[in-house]
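See below for the structure under consideration.
Per-chain numbering from 1; labels A, B, C, D and E assigned in written order.
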Amino acid sequence: MEYYLQLVINGLVVGSIYALVALGFVVIYKATKVVNFAQGELVMVGAYACFSLTVEMQLPFLLSFLLTLGFSVVLGLAIERLVLRPMIGEPIISVIMVTIGLSSILKSLVQVFWGTQIQVYPQVLPQEPYFIMGVPVAPVYIAAFVLSALLFAVFSAFFKYSRLGVAMRATALDQCAAASMGIGIKSIFALSWCIAAVVSSVGGVILGNINGINSQLGHLGLKVFPAVILGGLDSLLGAALGGIVIGVLENVCDGAAKQFLGLGGFKEVAAFIVLVIILMVKPYGFFGTKQIERV
Amino acid sequence: MTLLDVQGVTLTFRGIAALMNVSFTVTKGEICSLIGPNGAGKTSMLNCISGRYTPDSGSITLGGRQLLGVPAHARTRLGLSRTFQNIALFKGLSVLDNMMVGRHSRMQYGILQSLLYWGPARRHEDAHRRRVEEIIDFLGLSPWRHQHAGMLPYGVQKRVELGRALAAEPELILLDEPMAGMNLEETEDMARYILDINEEWGVSVLLVEHDMGVVMDISHQVVVLDFGQVLASGTPEAVQANKDVIAAYLGSEDAVFLGR
Amino acid sequence: MDMLRVENLEVVYNEVVLVLKGLSLTAAAGKITALLGANGAGKSTTLKAISGLLAGENGEITEGAVLLEDRPVHGLPPDKIVRSGIFQVMEGRRVFEDLTVEENLRCGAFTRPRAELAPSLERVYDYFPRLAERKKQLAGFMSGGEQQMLAIGRAMMARPKLLLLDEPSLGLAPLLVEDIFTIIKRLNADEGVSILLVEQNARAALNIASHGYIMENGRIVLEGEAQALLQNPDVQEFYLGMSHGGEKKRYKDVKHYRRRKRWLG
Amino acid sequence: ETIKIGVLSDLSGPTSSVGVPYAKGVQDCVRYLNESKFLGEHTLQPLQVDYAYNVQQALSAYKKFKTEGIVALQGWGTADTEALTRFVAQDKIPCFSASYSAHLTDPKNAPYNFFVVADYTSNLRGILKFFKDNWKEERAPKLAFIYPDHPYGLTPLEGGKAYAKELGYEVVGDEHVDLKAMDATSQLLALKSKAPDFCWIGGTTPSTSVVLKDAQKLKMDTIFFTNIWGIDEDLFKLAGDAAEGAYTVQGASTGYDDTAGNKIILELTGGQIPMTHYYRGFASTYVMAEAIRRALEKGTLTGEAVKNETEALRDFDPLGLTPPVSFFPDDHRPTMTSFIYKVEGGKLVKVGTEVLERKAEWLGK
Amino acid sequence: MQGKCGLFFESYREENALLVGGFQKARFAALLAVLCACPFVLNSYHLSILILINIAVVGAVSLNLLTGMCGQISLGHGAFIGVGAYACGALTLQGVPFLVALPAAGCITAATGMLFGIPSLRLKGIYLAIATLAAQLILQYIFLHWDAVTGGSTGLAVDPPNIAGLTFDTDEKMFYLSLGVAILMLVVATNLMRSRHGRAFVAIRDFYLSAEIVGVNLFAYKLMAFAVSSFMAGVAGGLWGHYLQFVTPEPFGLGLSISYLAMCIIGGLGSIQGAVFGAVFLTLLPEVLTWLSDVGSSVFPAASLYLVAAKEGVFGLVLVLFLIFEPEGLQRRWRLFKAWCKLFPFAY
């Protein structure tokens, strides 16, 4: 039992990273209805940008972190303007594919600029772990947990109460009608990509602190899907909880599959199996808005 | 003779009743209109009949056969077809193919024959194509036969939808606001088609429509729904004079005239 | 004075389909102007051209001008046009289904200063008490009539000088049609908003309008005082459904082959 | 006269972080051989294709090489090597690759496949033997395995476990850590309770780093050891002092060893010590070149001749870069020798050489 | 009745024929003749690319049936192809003749596809896409762990196809075999599209609510789409496995699924011809890129690593550019080109 408890704690910790990345994903989806398959690559580019600034240019970490956020804003703007804007109103599969194409481009840009070698971050956070119920938890993970909780709170308030946030949701529901309200759709789209890029690069910097970075980091994006689908694509709360739940599920299923079925390596698959089962029961995830389908 | 018999149908959405104990009948060969304020549950009623929604209680029979429990797609074969309030055509198919899909349940050949396109598949396709061409001629859709349905003018799309419903050769056709958004001329055409379908083809019609001019002119029977309940029913003249109906729906007696 | 002047407008969809073919019209300040026409004549297109919403549908103004109080507004992005005082209520209501009623209304006030929000909301709730009752409800679950009220209420939040209404009576029950037209009239009378009204329901529209246009095939084919149009025999036959004697025509008597309109687009 | 050889590399795909230095080793070796007139008046012309670890691209690259008339192929990973096994056999083109799966050493399965260092399983056996030989305590040493759920991590497992039992190890645990894992705490927690003395990590450097760091956090006193791809210079950067004391078994020598080959290499790279993987790329090419040289001497340069010459190599020493290699027509195990390294002071230090018996029953297993 | 380009039809049947008019028939015959002549003029590198194209055509057409026609996005197609490869390989290893094993592999894949198609009962759009992504990962897991059948991490070594004593062990022979299969699958797919099942697929894609009302059993037809599509994917996989003579888990990853989706998009969603174009284009693209980066590296040796790294980016860029500038894919370009040819001397 204690073993499972430890698995759960560990899952919580890893899940908070998923949650962080998932938040960026949901922000884009909520505002633009774009399913972003390049989320992992956004994380990667953010991580590399910060790496360049701290390691290659030797800037102090805080400064380079802020510059990274600035860089992400530019990146988000560029992606929106060049790639996503022309896709407004295209069917979902086209949007999926365009973000897949985007992920290839970003990956290859990273390889061109930074090569394929593993790169190592300077350690900004202390290494000495805290012990929670006997499970050592590195400070990075605690940072990730706190950050995702913070970002979750900020965005929830933003979408619920701010005029811009409501306008973003309106835009996602009906672009044309939103335009007729005087909402500048283009700036809304750009804004959402900026936010997502910024959140992702925060995730990237945290990841870099965990185990270095390489050009395959974008794979993390795959983890985000079970998380966001579980929570419901357009729900921030869903993303935050979904990420954490997936983190826990992976660990627990892996442990259980090993213990009872003798199956190894179940971690990767476990999340997805659970996901399919949950989707069959709740097709829009736990907190996703059910589409109003009236004929 | 009763064709459609709706008895005590109740439908709720998360506790809110959209239909409450609704009963009415449609006699074979007649045009029956279902009217009522917005949100009264007219479309929901059609959805119950066509199988989109399942009522919480009640019974719906068509020609004596119980419909509830029959899945939506199988009801076509029992002689039911319908059009939608908002156009619901297959945008990627041509007008012709839209109608061929309309005959889907009348064609019976298996997937293997489909893949090889031999024997029965070929024969069926030819035979049904002939039938569909007749409907295209009837609705005057020939010029658009090979065009994608999504590109057509609104009025034509509404006609294609009618054609698709007709292609199934139903006994009872459900029409949900076929005249909405049409100008007078097109409304007149549509009314003419409905009358022809009813008189010449012998198809019974259950019509939902807000254009009182049409409703009062062409229907044999009118059923008024309000807040999910039957408020009144009877001949157009009787309904038109009913005080409750005027208060809840028509507003003034010249609504019929104002309807357009 | 003219609130809006549209001069020789040409609009092309998808770079090929010419929909408006040199359309001109004016809307007087503080008045209701009605624009009638057959399906696909280009009424909605005209409104979208004025409010700048064509771009979203791959349409483009290729010629002509749109002047609001003599200042050209064509070619501006939609948000600029809204800020300059034109607001369109689109065909089919287009409320934001997953937003609550109040959130919908707040979207309408997107271009207005924050301080105005509370009084504007109050004013809308005053016009539409039913909306006040349902502030917190999701718009998607409201009935057609309520959604139409919401759409008009949303427009009021933006305090436009010129309101473009596209088929506000579409799909509404007769009683509600009456309500909506009464409200439109009141809006015009009390608030002094100029209104350009597109309608299929010609009788109702001409009854509240002071001036009317009839368009076919992307051009204006007939215009005049609303009362004069109501008396025009062609309008009576083709838009009001009256036979020559001024009697209402019966649908049952419609022939398979009828006299076609003689206005040629 | 130029002799064409095909070079399949992963320069941009998922294994590129090690694929790039390996490919560099291959290319530098060719350069060295040509400059030093190793083949007399003949020169080697490498045709290199980056196949990004995609089988289909490896296949068409191979077909292209074939039409250009290569006599031998320098392959790379598991995916391409296995996909091409049948083709190279049919076309009689010997393939030297860096996929050290034992089943490729059995000529019955893969008559034209070669590599120049001990296979994964032999290496694992070697280091197990090494630890056992140095085991001082009375009780049986406890052993655990950590590996990714990936062909590369799974292949040596069966043979290794069997041999461990034979040596008298007590196998106490089995855990999976993904190649892309960020965290291995849960797996290590499970292992910690079993207190293994030794733990094999069957992943690549990033996952080794994760395991070592988490083990340090958990204050485990297990000795971790990895196979060829598990520890390289990247690990010192990634894991820092958590890497100290870990062992690895390498087939080839590393840049810290004093060998004839290393001097040449340092000259080629201008004094910079390349990654360990570079050395195997270099050695693999060197052995292949030797076979080509011998075939040329006999006057027939065909793929088949190169293969036969490779099978005729006996205790051939590729400049000390790997243990001497011998191939036989019925046994493609190049050597039974493994070099054991330990991480000390941020460097790989050679602590032993383990030579196993060339047992027939181990062939291909 | 009059069709396009001045053809007159005397019966509905003629209008529905596969090849309309003498010109089209002649053109098709010419194309076939050219293809059949290929092994006599091309070297084995070029032939192997053609074989890969043939296999890709089968795979792409099958995915286009499911995703393009029926609107069910699948991110698991790569794994379905893998199921075919393993099934066919395992069957022939058991001594089942290739000619039986290939369709049998198709059927096994069809069953697998239907199993993983079950979520489509309730899921749509992106939710379904993610569910099929789950299928992809689960199947990959099975490939690696069901040692008894798949050979686990070692994989399966299979023999070249053998039909009635004839062994297809050279690129030339394999080319004819794959071409034959590809043409057969194209004909079958085209047939499907002009029959009631194909129309029902499109109806489901365009408006599933009204498709149901019109009498299409949504669930049955979605499953049928999964089955037909997976069957063809299985055939493609069987061919691929037997061509490579070695089946391992690696090739059947998410990357393969994505590249098949890309084929459908680039060629033109929902069009059989488009799938063919997409398969040709995306199989050739890496070859062309490799060639270009070779040429580039020989001109600027210093840039060679960058050129190599840029290859994947070019794939992404091509995808993005197509989606932005030609969302209907190559198939539309081809139509425009044909129209232009017809008018050629008088264009504009």
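Definition applied: contacts are C-beta pairs under 8 Å (C-beta built on N, C-alpha and C of every residue); 3 or more make two chains touch, one makes a residue touch a chain.
Worth saying up front: this structure is predicted, and the values here are computed from it rather than measured.
Engineer: Using the contact definition stated above, find the chains touching both chain C and chain E.
Structural biologist: A, B
Engineer: Give the label of the chain whose average Cα location is farthest from that of chain E.
Structural biologist: The chain farthest from chain E, judged by C-alpha centres, is C.
Engineer: Compare the CA centroid of chain B with every other chain's and tell me the farthest one.
Structural biologist: It is D whose centre lies farthest from that of chain B.
Engineer: Between chain C and chain D, what distance separates the C-alpha centroids? Give it in angstrom.
Structural biologist: From the centre of chain C to the centre of chain D is 76 Å.
Engineer: Could you please state the distance in Å, as a whole number, between where the Cα atoms of chain A are centred and where those of chain D are centred?
Structural biologist: Chain centroid spacing, chain A to chain D, equals 36 Å.
Engineer: Which whole number of Å gives the spacing of the CA centres of chain A and chain B?
Structural biologist: Computed value for the inter-centroid distance: 47 Å.
Engineer: Where the centres are mean C-alpha positions, what is the separation of chain B from chain C, in Å?
Structural biologist: Centre separation, chain B to chain C: 29 Å.
Engineer: Which residues belonging to chain A are in contact with no fewer than two other chains?
Structural biologist: Counting only residues that touch two or more other chains, chain A contributes 108, 111, 115-116, 265-266, 268, 295.
Engineer: Where in chain C do residues touch two or more of the other chains?
Structural biologist: Touching at least two other chains: none.
Engineer: Please list all residues of chain E that touch 2 or more other chains.
Structural biologist: 141, 144-145, 209-210, 305, 309, 311-312
Engineer: Please output the residues of chain D touching chain A within their complex, sorted ascending.
Structural biologist: Per the touch definition, chain D meets chain A at residues 11-12, 14, 16-17, 19-20, 148-149, 174-176, 178, 180, 182-183, 185-186, 189-190, 193, 205-206, 209-210, 213-214, 217-218, 234, 237-238.
Engineer: For chain A, which residues count as touching chain D in their complex?
Structural biologist: The touching residues are 3, 6-7, 10-11, 13-14, 17, 108, 111, 115-118, 120, 129, 135-136, 138, 207, 210-212, 214-216, 219-220, 251, 254-255, 264-268.
Engineer: Inside the complex, what are the residues of chain B that reach chain E?
Structural biologist: Per the touch definition, chain B meets chain E at residues 50-52, 71-74, 76-77, 81-82, 84, 88-93, 97, 100-102, 104-105, 107, 109, 111, 113-117, 121-122, 124-126, 129-130, 133, 164, 168.
Engineer: Provide the residue numbers of chain E that touch chain B in the complex, in ascending order.
Structural biologist: 11-13, 16, 188, 191-192, 194-200, 202-203, 205-207, 209-218, 224, 228, 270
Engineer: In their complex, what parts of chain A are in touch with chain E?
Structural biologist: Those in contact with chain E are residues 35, 83, 86-87, 90, 92-94, 96-98, 100-109, 111-112, 115-116, 222, 225-226, 229, 233, 263, 265-266, 268-269, 272-273, 275-276, 279-280, 283-284, 293, 295.
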